[in-house]
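Pasting the structures here.
Shared chain: chain A. Partners: chain B in the first complex, chain C in the second.
Up next is the complex of A and B:
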């Protein structure tokens, strides 16, 4: 890459826009997390690490939100990848109307979250919601739950809705990966007498690794930034049971404590940068090996 | 493309028929073609713009409607071509007010574009809009003499209405609540008698041989008996986030009785919520109701909007509401009768007094509205005596209004209630104590957390103190130094 086709100043405009609209606001956000910026006064004072002390102090609830965010991220990565992979294999070949099925499975991914929230609020309604009605009709009354308002179930329900919405998207990426695998491997395995499981384990999974890395990174970044699913389904409730970092940021902004809100985002930014760095490093290693 | 083809053939015919100057005709043709092409492209762009925009921006539907509305209005030149946006929380705008707005539009051509936001998100939306400089022309807000500054920053965001004509007529108690630093900012049109009480189903009480409880102990017994009969004692819509909070600050009259001067001490920061035993006691009693299951299994998913339906169904025996509820039930549910319902005060801490709350949903005009005069005109229109009477007559929830000269419509049941409990009355805590009302929704979250056993009553009070301290400090309150 020593031979330069274009002189450096060709990117000046793009770089300028990038700096003005991306780098500067990010740095400003980080700076504001060290201030007492709030909605009640027009002056902003530097207060050092006070906001971060507030976030990590045991009297506050923020660790709970960070905790929930991590739980959400890990469980959606695992569930979406597993379900997405299963669906991708199912609709890969040997099924009637496979394009139809693919579209149907992908459909939840394009429904706006607000609509999903409204639909699932009614599906989860304990009195007349679809799930409990079906369970009652099947005589499984003891299985009926207050899906969104029971402390023990609310967060699980949120994860379930998010997996329902996101699995089809992951399926599409993995499907593309599966279809890129040459048939000759499978034919060779057939000749060697390998069964379906062995083919999956020793051909599909290893050759799908780059696609799986992509979906994992996508899920990771999506999971850490989760807001809409929680907001439309429970808004952090009942009480504070399902609060995640971004719903807490949102309520801090509502209270007018912008400083604490931006500090929370900064913490999440750090976590995401570190995880993202390792994920990309891991990915590029895979690429070199492959 | 059809147009293009047509023009092309026409031009060709011209060329053919004229049979001369083919070269120049070609030139003309190409110019024509070019023009037609540009024309079709432009019209296609225009079309696609029109087709796409409604799909692309569902969220802005109201403004489009209003744009259309103003287009039609512009046909009649003598009327003003103005649309006032009006942002309010759910349930703050009554249907008859919308009817009045239609009448107002007929008279003046000024269209009111109502933007109604769910209660639990209202403040977020309003503050976000204000911060972004997109404040509506008129916005709704809960009045309260301590809160107008911290909650809405009226000095910067709202227009001064002190010199409006209706200010002299509005009940001074209410005017006081919409005043900040001796300037009036809000117009309140609300029922002054609508404090929150317990509305109960008389039939259920009669069937079970129960009488109206006069103490907390009796209330527990009544609830237990109702629960044993298979009916849920209390309808409590926790999902709205604000309703279950009422049980706590509405008891201001009783707190003042049991701990005289407490509100003043709290205001001067000489006492904290966490140290006030009466406050902890009332939260503990509320929690007891929740833990005993008196709110039923579905409290967390119940909604305020379904109150009439559920109370009429007979599945619930009591609920916290204004005294207008029976009439609302009769209106909303066919076959139900207002006379089946009676009232008693919220009996936590053995309360037997009447809560008065002169703070109510109010209307403010944005200080940076381009149509301030039209908005003021709308306020003048709403406060005309016959329009007030129209609002009162057509809104089941209202029994009277905070303007003199309207003809109240109290029922015998309501009169009896005021006779029994009206002797002792006091102000609710969200109006009597500062820095409390702005955190109403946060207290709601706290109380929901308490109901689901995540935190204790003491924790709630500590949280309230913490949030009050935070607000007082940022407001540079001298008592909080």
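Up next is the complex of A and C:
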């Protein structure tokens, strides 16, 4: 009976195009990552683990991309969560023009990452860029930097841009979480004479855990796929200082070495399948219990 | 005590103003410089233009071929988002209503797509087989595919809250599956469908990797790729780049201001239940 009312063909189109355009390429990629596939010759040879040896060898720069992707992901998770939480608490109460601030703080999240990159390219310019101008105006000339071309600063600058863009997004999710916490907990804590810190530590944080989990998962999945920001701001430079997996993938694409490129994606695919499995399981469980 | 509270409020208000200012400064910078002459905008600062140069926008629309890209972006985002809603909503409906083991597996299998990275290399082959490489239809299909997992995730959760009695009433009235879905269920799903539409519209409007890989002719480019290319050509003219950026982000800002409620409920659904 249910089969007739909820027929399989309702699922089939979504499932079909998902399989054709996402799953099939991934499986093909696993096979082709063991070959010398490139854009110049029609023949493809099996070369075993060579591509992976290249990626994980210390003489090449690929490990740099993997390391940077991990550093980027972890630092943006930590920074966006902390700032997002602070903002959520701030705009929850005690503030005038709450809605106005919420709209403004979320605004960076909806602007294309590519455009954000272009805007910050001007802001980080060492000669006329806004940041160095402000530092000079404050008499802090020694603090001015070549934000995007100095090896020590380039990657930090990219992280800062991403935090600028993403903190408001995290704020909105955490704010919804905070507002779902019943007031009675805080009232009870008031009666017991708990201070602001204790209330935060023993009521807000534990009850906000599900929302914090979700923001962490979203940041994680987003961070591992980072590309646009880096591509526009530094394109991996100076040297290889800001290379991430996807900028390396794109350079392999333009070079025509599809074998190495697809091996890089396969590494990412395996990592994300494992992390994604637990992450998605967690998210869908929250959904069912909610 | 009261004084303490007042100070605390003041500090909070100042803090939030500073942070909001940091959030909006880069955007204001673009707005101000879009109206300057090229020499005035060369240092991208907050000094006001001597005279507002509205013709920057005209120049940009002509040189950047923005009309064409705008039409492309609207059709890519619009059609792919509608396609996405249609196939996601039917799939989510059948999956959520008939939770047999196999369907639970399928649901999980599809929403795993939220995490999976696309393989841009092998996808070229798939695009060639399906004759979608370098076509507008191809990019529309790819955009839908990238949005389907998350859309099904949101709609599945929403359908869980729609009473089954509606289905039963429909069946008693003699509806087949299609009638049941389109005339009984879909109207009830409207709030979630609008959310999914807006989110996927914004995501696809802002995306630029897929066209970078799969569209090689400029006349098929969406706004993002056109802006990127424009930036490459006119790096020295920040006034034009700024004007170009404004025209690109204006539609998303309008959609955002109109659909704020939906965007936020869509993002928070699944994470928090109020």
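As a convention for this text, the second predicted complex is superposed on the first by the 258 of 290 C-alpha atoms of A that agree within 3 Å, B and C clash if a C-alpha of one lies under 4 Å from a C-alpha of the other, contacts with A are read in each partner's own complex, and residues count from 1 in each chain.
Operating definition for what follows: a residue touches a chain if its C-beta (ideal position, glycine included) is under 8 Å from a C-beta of that chain, and two chains touch if they have at least 3 such contacts.
Everything numeric in this text was worked out from a predicted model, so none of it was measured.
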First, second, both or neither for A:256, with chain B first and chain C second: first
Touching partner for A:221 - first (chain B), second (chain C), both, neither: second
Which of chain B and chain C A:28 touches, first, second, both or neither: second
Partner chain(s) touched by A:240 [first = chain B, second = chain C, both, neither]: first
Contacts of A:111 with chain B and chain C, given as first, second, both or neither: second
Which of chain B and chain C A:173 touches, first, second, both or neither: second
Most chain A residues touched (candidates chain B, chain C): C
First (chain B), second (chain C), both or neither touched by A:125: both
Residues of chain A contacting chain B in one complex and chain C in the other: 125, 250, 253
Parts of chain B lying in touch with chain A, wherever the complex brings them together: 120, 123-124, 127, 131, 150, 153, 238-239, 241, 297-298, 300-301, 439, 442, 445-446, 448-455, 467, 470-471, 474-476
Of chain C, residues touching chain A in the complex: 8-9, 12-13, 15-16, 19-20, 22-27, 29-30, 42-45, 87-88, 90-91, 93-95, 97-98, 103, 106-108, 110-123, 125-126, 130, 141-142, 144-145, 148-149, 152-153, 156-157, 160, 167, 171, 177, 180-181, 202, 205-209, 212-213, 224, 227-228, 231, 238, 241, 245, 248-249, 252-253, 256-257, 260, 263-264, 267-268, 270-274
Complex contact set, residues of chain A against chain C: 2-8, 10-11, 13-15, 17-18, 20-26, 28-29, 32, 37, 87, 90-91, 94-96, 101, 103-108, 110-116, 118-120, 122-123, 125, 128-130, 133, 164, 168-169, 172-173, 176-177, 179-180, 210-211, 214-215, 221, 224-225, 227-228, 232, 249-250, 253, 258, 261-262, 265-266, 268-269, 272-273, 275-277, 279-281, 283-284, 286-288, 290
For the chain A and chain B complex, residues of the former touching the latter: 38-41, 125-127, 146, 148-151, 235-241, 250-251, 253-257
